[in-house]
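Shared between the two complexes below is chain A, which has chain B as its partner in the first and chain C in the second.
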Partner chain A sequence: MSALAGPAEPARPAEPAGPAAAESGVDRSPLRRRRRQRALLQLAAVAITLFMAAPIYLITLAAFSSRQALNEYPKSVLPTDVSTETLRGFLSSAGIVPSFLNSVAVGLLAVLLSIGLGAPAGYAIARYAFRGRDAYQIVLLITRALPVVVLSIPLAELFISWQLYDTVLGIALMHTALALPTTVLISASVFVSVPRDVEEAALIFGATPLAAFRRVVLPIARPGIAASAIFTFVLSWNEVLGAAILALRNRTLPAQVLGSLSNSPLAYRFAGGFALVVPSLVFIFVMRRYLLNMWGTTIR
Partner chain B sequence: MSSAAGRPGRLRLPTPYLLLIPSALTLAALFGWPMVQGVLAAFRHDGGFSLDNVHRMVSDQRFGSAVRNTLLLIAVVVPLQFVLALAMALLLQARPKFSGLYFYLWAVPLAISDLAAGLVWLSILDDQGYLNSVLHRLGLGDGYSWLSYQHGSTMFLAVVVAEVWRATALVLVILVAGMQVIPRDYDEAAAVFGATFWQRLRYVTLPLLKPSLQVALILRTILAFQTFAVARALTGDNYPLLVGETYQWYLDLQNPGVASAIALLILAISIFTASIYLRALRQPDAIREAR
Partner chain C sequence: MADVSVTALRKTYPGSKTPATEDVSLHVADGEFVVLLGPSGCGKTTLLRLVAGLELPDAGSVRIGGRDVTYLPPRQRNLSMVFQSYAVFPHLSVADNIGFGLQMHKVDGAERKRKVAWAADLLQLEPFLARYPAQLSGGQRQRVAVARAIVMEPDLLLMDEPLSNLDALLRLNFRAELKKLLADLGTTCLYVTHDQVEALSLGDRVAVLNEGRIVQDGPPLSIYDAPVDEFVGSFIGSPPMNFLTATATADGTALEIGEQRIAAPSTGWPAAGPAAEPAAGSAGSAGSAGSAGEPDPGPDPGQAGEPAGAPAGASGPGDAASGNGGRPVRVGVRAEAITPSVTPVEGALRAIAEVVEPLGSSVLLTAVLAGGGQPLKVQAPSDFRVAAGADLWLAIRPDRIRLYDPRTRRAIDPKAPAQISASG
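On to the complex of A and B.
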C-alpha cells in the first residue's frame, strides 16, 4: 500500500491547475450536476436495497436468537445474542423434519415429472409447424393463469378415490400440473435458441432423430432446462394452499408451518419463516443469470 | 415463428402430436377434469343441483369483508408495485455502480412464498417486534399494536407492505426484461433533442414498454387474487381474503361445497382477467414485428 502511495505524490503539483482551469472558462456545472445525479442514484438504490434486504436480515436475526432474547423488549437489532436454540427448537418440533423431507421429495418428483412430460411438448412447439400449435400455447397460458385453489379441492376428492390423498406423489402431481405450462413454454424457448443447423447436420451425417436430439440438442439446451427445473422446484417449495388441502399428515414444510401457525409460539414462526426463506436465497443466486428468462419473458 | 412455418415438407409426421400427448393428457387429467368437477361441486348439494352453497357463501358474515379486502388489497398493492418496480427498473437502467448486486438483492423475493413473507414481516411488525423495538429506542411511541384487529388500517398496511416487499420483484423482472429489448437509440435521440427525463419517460420509454407493462399488470393481478398466507401469518384470521376463506371452509369447517363455490368465484374473476391477459398478448406480437 505504501509503495502505491508513492506515484500519487507527483500529482500534487498539478492541483493548483484546477481552479486555474475553472477560471479559464470551462463550465464545470454539467459535470457537477452529473456527479450529484450519480450520488442521488446510488442513494435511491441503497434505500431500496435496505427495504429489500433488511427484512431478510431481521428474520435471520430472529431465527438465531435465543428464546430469552426473543422475549426481550425492546429487542436489539444487532446480533448480540446469537444462539441456535430457536432453530433447534423448531427442527425438533413434531412433524418438521418429516415435512422438510416431504418438501424435498415433492419438489424433486415435480421437477422430474414436469420436465419428462413438458420438455417433449416444448420441443414440438419449437421445432415443428403443426395444426393446433398456437391453440395449444394459448391453452397453456390460460392454465397458467388459473388459481390453485380451484384445482386443489376437486383434486383432493379425486385423489381420495385414487388412494393418492395424503401422499407425496399426490402433492407432486398437483405441483406438476401447476408447473407444466411454464415448463413447456420455457423449454420451447430454450429449444428455439438451439440452432437448427447443428441438428440438421447431425441428421445429414446419419444420426437418428433421437440420437441427434440426445447428443446435439440436449447438451446445448441443458442449462436452460436446468433453470426451468429450478423454477419448478421453487414453485413446489413455495406452494402452500394446495399442499395443505391435499394432505393432512404427510404435509410439506410450508403446509406444516401454515397448519400450526395459530397454536405455535412466535419463536417457532420466526424459525419457520427463516427455514422457508433460506432456499430462496440459494435459488435466486443459482438462477441469477436466468432470472430474466424465467420470470421476465412471458410468451414468445 | 415464421421460420418454422416456412419449412413445409420436412417433419410433417404426427411426431409433434406424439410429443404433445403426455403433457396434454396430464393437463386434461389434473387441470381440465378437476376444473369441471369443481364447477359441478359448487352447485351440488345432497346429490342434486342447488344454489345452497352459493347462498351459504354469500350469507356468511366474513364473505363480504373477504371480497372487499381482496379487491382493496389488489387496488392498492398492484399500482404501488408498478410505481416502485418502474422506478427500480429505471434506476438499474441508469447503471449505477453495483447494479448487478442490486438486481440480485431486489430479485430475491421472487422465490419467497407469501407465507414466508408474512412470517418475515411478523418478526418486524409484531407487538414486541423489531419495528416497535427501534421506535422504542428512539423514544417514539411505546409499542403500538400494528397487527391488532382493533387497528384495521395498520393491519391492512402491514399486509400491503409485506406484499409490496414480496411481489414487486416479479414486476421488476418483467419490466427489466422488456427494457432490454428497447433500443437505447430512441431514448438517446430524445435526449439529444433536449427532452427532459420526464418527457422521455412519458413519450419514449413507457409507450415502448407497454407490452411488458400489460403482461406484468395482468399476471400480477391474477396472482394477487391468490394471496392469503401473508394475511394469515400476519393477522391470524382477522383479515379475511377470498382464498383464505376457501381454506377455512374446506379444512376448518369441512365444507367442500361452499369452498368450491368461493373457488369458482375466484376462477370467474381470474378467467375474466385472463381474457384481458390474452387480448393484451396479441399486442406484443404486432409490436415485435413492427420493430
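On to the complex of A and C.
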C-alpha cells in the first residue's frame, strides 16, 4: 500500500490551486487512498473468482466438445463446437450411472447421519458446562489427524464381518466419521450464537424443551447447520481413498472414475471431471440460500 | 390473576461459594406491582428466574395463586416474562411472535387471531404484524415482547429490566405507557431493575435487595424517605442520601457535627432511653423480619422487632433522647431536604460550596462543612446562584433527618419510617 501511496504525494501541494480551491486546507489524500484500496479489493475479488471459475469453465467446455474438437490445436476458448457426444459416451460407460447414484446416496446419508449425531453433540457443548467438555472438543479434533488410509483398512475388516462392506451405508458411515468433528464444532458455534433468552422465552410461553429446540433454536440455527451440511456433502462427494478401499462393486463416482482413469480416452476424463464438479456446485447453490438469507435481511 | 408467595428461597449456583439468594421471602398480592431493586449481582434476577422456573431453588418454595409451583417447569406456571434482550423470535413474524404462546397452548386459529389483534392494538403494533423482528426498531421489538407476554393473560407477569436496552427518551415514554397498561390490565407483576428511578416510579411496592437478601420492602416513598440502613439510603436517590458523622448533645435536643450544631429530630431515637444497644439489635432483627416476608407488608417493618413492653413512640424529644447524651450517630439527610443560603441563617450549618452543577430543573451543590470537612450534596432550586468556593449556610429540616447507628449502619429506630412518611 505504501508503495502505491508514493506517487500521490507530489500531487498534494498543487491541490489548493485546483478545482477544490474552495475547500482549501482539506487534505483529500486519505479519501483517494480509500478509493484506491476499494478498487484494489474489487480487483482481488475478480482475480480470485477468475482463478476459481477458469478450470470449471475449461472442463465444462471440454465436456461439451466433440472428440475432434478436443484434439484440435490451438483450441478455442469460446464454445464453437457444442456437442453432447462426449458426455453421452461417458454416461453410457459401464458403471457410471450406478456409481453416480451411489455417490448421491452416500452424500445425503452422510449429511443426515452427521447432522443427526453432530448437531445434538454441538448443542450439548454449546449449552451445558459438563465435566471434560474442553477435553472432548480437543479429542474431536485429534480424530481428524488420523489419515483416511489408517482409518479405512481396519474399517474394511470390521465392515466385512458386519456385512457392511461394499454397501452404500458402509461408505456413508465412514464419511460421517470423517465429517463429524467439524459438524460438531460448527454446530456448537452456531448454537452458542442462538441467544439463551430466546430459548427460555419459548419455555416460558408453553414449549417443552424439545419443542423449544425444534420450533425456535433449530430454525434460528438453520444457516449454520446448512453450512455444515454443505461441508459434509462436498467432503463425501470428493472423498476417494476410503470409498475405493471400502467398496468393490458399489463404488461411488470418484472411486469409479479414478479406477478407470488410466485406461480411458481424454474425452472420458473431461466428462468425468465435469460430472464430479457439477453436483457439488448444484448442492452449494441450493444451500446458499440458507447461508445468505436471514429472514428478511440479506448479509452482503 | 393470582398472588405470589416466595418463602425462604435459597439458591447457590454450582461453583459459587456465596448463595445468589439467601432465604428470600416475599409476598406479592393479587394485582400488585412489585419491583425488585438492587445493584448488579444482588440476586434480583436469580429471584425472578426462580419464580419463572428457569432456575430451581435449593430450598424454599414458590406459590402462585396458592398452588405450589416450586419445581414445576415454566410452562406449567401460567406466567409470562419480558426479557431485557427482548428475546423475540427472529424467524417468526410479529403476529406469530405474539401468538407463539397461544399456539403452544393449542388455542384455535380464530381465537388466536382475535387475541393477537387485541394485544397488537394495545401496544400499537398493528402496522407491523407482518414484519420480522429484524425490520423493527429496538422500541418496537420491546413492544412485541410485551404484547407476547400480555396476550397470554397470565396469572403473573415477570419483567427482567425490560427498559434498560432502550435509549433515554424512549425509556421515559415507555415507562409511563407500561405503568398505565399494567394498571389497566390489573396483572400481578414482578419487575426487576437496577434503576432506582424506574423502581420508584413504577412500583406499588419496592423490595431492595443486597447480597442475596431483601434489606427493605415497602412503598416507594417510604423507602426513599426512610431507608432502613445506609446501603439503601445511598443506593436509592440521585444524588444519594448524605451521611454525616455527629454526636448527640447531653440533653438530646441537638446534634454536634464537627464544631457546629443543628437541632435534633424528635423521632428516630430508640423508644426507651437506656435501651440503646437492644434498640440497635432490634433494628437488625427488623431488617431480617422484612426479608422473612411477613404476609402483611404494611409500612411498619419495625413492629416485629420492637422490644416487648417498650412504650410506643409518643415520647417527646427530651425523654426519648435523654439517655443518648454523647452518643455518636450518623445523620442521614436527603439533598433536597437541605435549604442552602448565601447569607448567614440561624441554626444552619456553615459550609463552602465546592462544585456547582446546574442541572436545568435544579442546581446540584457539592459542599464541604466548615470545621469537620465532611462533604455533602445539596439540591437547590434552579434559580439558586452561588460561586464555587463561596460560603454557604445549610438549613436542614429536623423532621427529614434520619439517625443511623455508626457501628451497624442501620436506622437507630426502625419505627421512624412510618412517622416520617406520614409527616412528609
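Methods note: the second predicted complex is superposed on the first by the 223 of 300 C-alpha atoms of A that agree within 3 Å, B and C clash if a C-alpha of one lies under 4 Å from a C-alpha of the other, contacts with A are read in each partner's own complex, and residues count from 1 in each chain.
FYI, a contact is a pair of C-beta atoms (placed from the backbone, for glycine too) under 8 Å apart; a residue touches a chain by one contact, two chains touch by 3 or more.
This is a predicted model, so every value here is computed, not measured.
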Practice task
Examine A:V97 and indicate which partner it touches, taking first as chain B and second as chain C; both and neither are also allowed.
Solution key: neither
Practice task
Identify the partner contact of A:P219: answer first if only chain B is touched, second if only chain C is, both if each is, neither if none is.
Solution key: second
Practice task
Once the structures are superposed on A, label A:D197 by its partner contacts, choosing first (chain B), second (chain C), both or neither.
Solution key: second
Practice task
Quick one: classify A:L173 as touching chain B (first), chain C (second), both or neither.
Solution key: first
Practice task
Answer with first, second, both or neither: which of chain B and chain C does A:V148 touch in the superposed model?
Solution key: first
Practice task
Using the touch definition from the top, say if A:A211 reaches chain B (first), chain C (second), both or neither.
Solution key: second
Exercise for the section: Please tell me which partner, chain B or chain C, touches more residues of chain A. Expected result: B
Practice task
State which residues of chain A lie in both footprints, the one left by chain B and the one left by chain C.
Solution key: 295-297
Problem - chain A to chain B touching residues, read off their complex - result: 38, 41-42, 44-45, 48-49, 51-53, 55-56, 58-59, 61-62, 71, 73-77, 113, 116-118, 120-121, 123-130, 133, 136, 138-143, 145-151, 153-158, 173-174, 176-177, 180-181, 184, 209, 234, 237-241, 244-245, 254, 257-258, 261-262, 266, 269-270, 272-273, 276-277, 279-281, 283-285, 287-288, 291-293, 295-299
Problem - chain C - residues contacting chain A, complex - result: 52-54, 73-75, 79-81, 83-85, 87-91, 100-101, 104-105, 131-132, 134-135, 148, 152
Completion exercise
Per the touch rule above, chain A residues touching chain C in the complex are 195, 197-198, 200-208, 211, 216, 219-220, 222, 294-297
Fill in the blank from the handout: Contacts from chain B onto chain A in the complex sit at residues 4-5, 7-8, 11, 15-17, 19-20, 22-24, 26-27, 30-31, 33-35, 37-38, 41, 84, 87-88, 91, 94, 96-99, 102-116, 118-124, 126, 128-130, 132-134, 136-137, 143, 165, 170, 173-174, 176-178, 180, 215, 219, 222, 225-226, 228-229, 232-233, 236, 243, 246-247, 250-251, 256, 259-260, 262-264, 266-267, 270-271, 273-274, 277-278, 281, 284
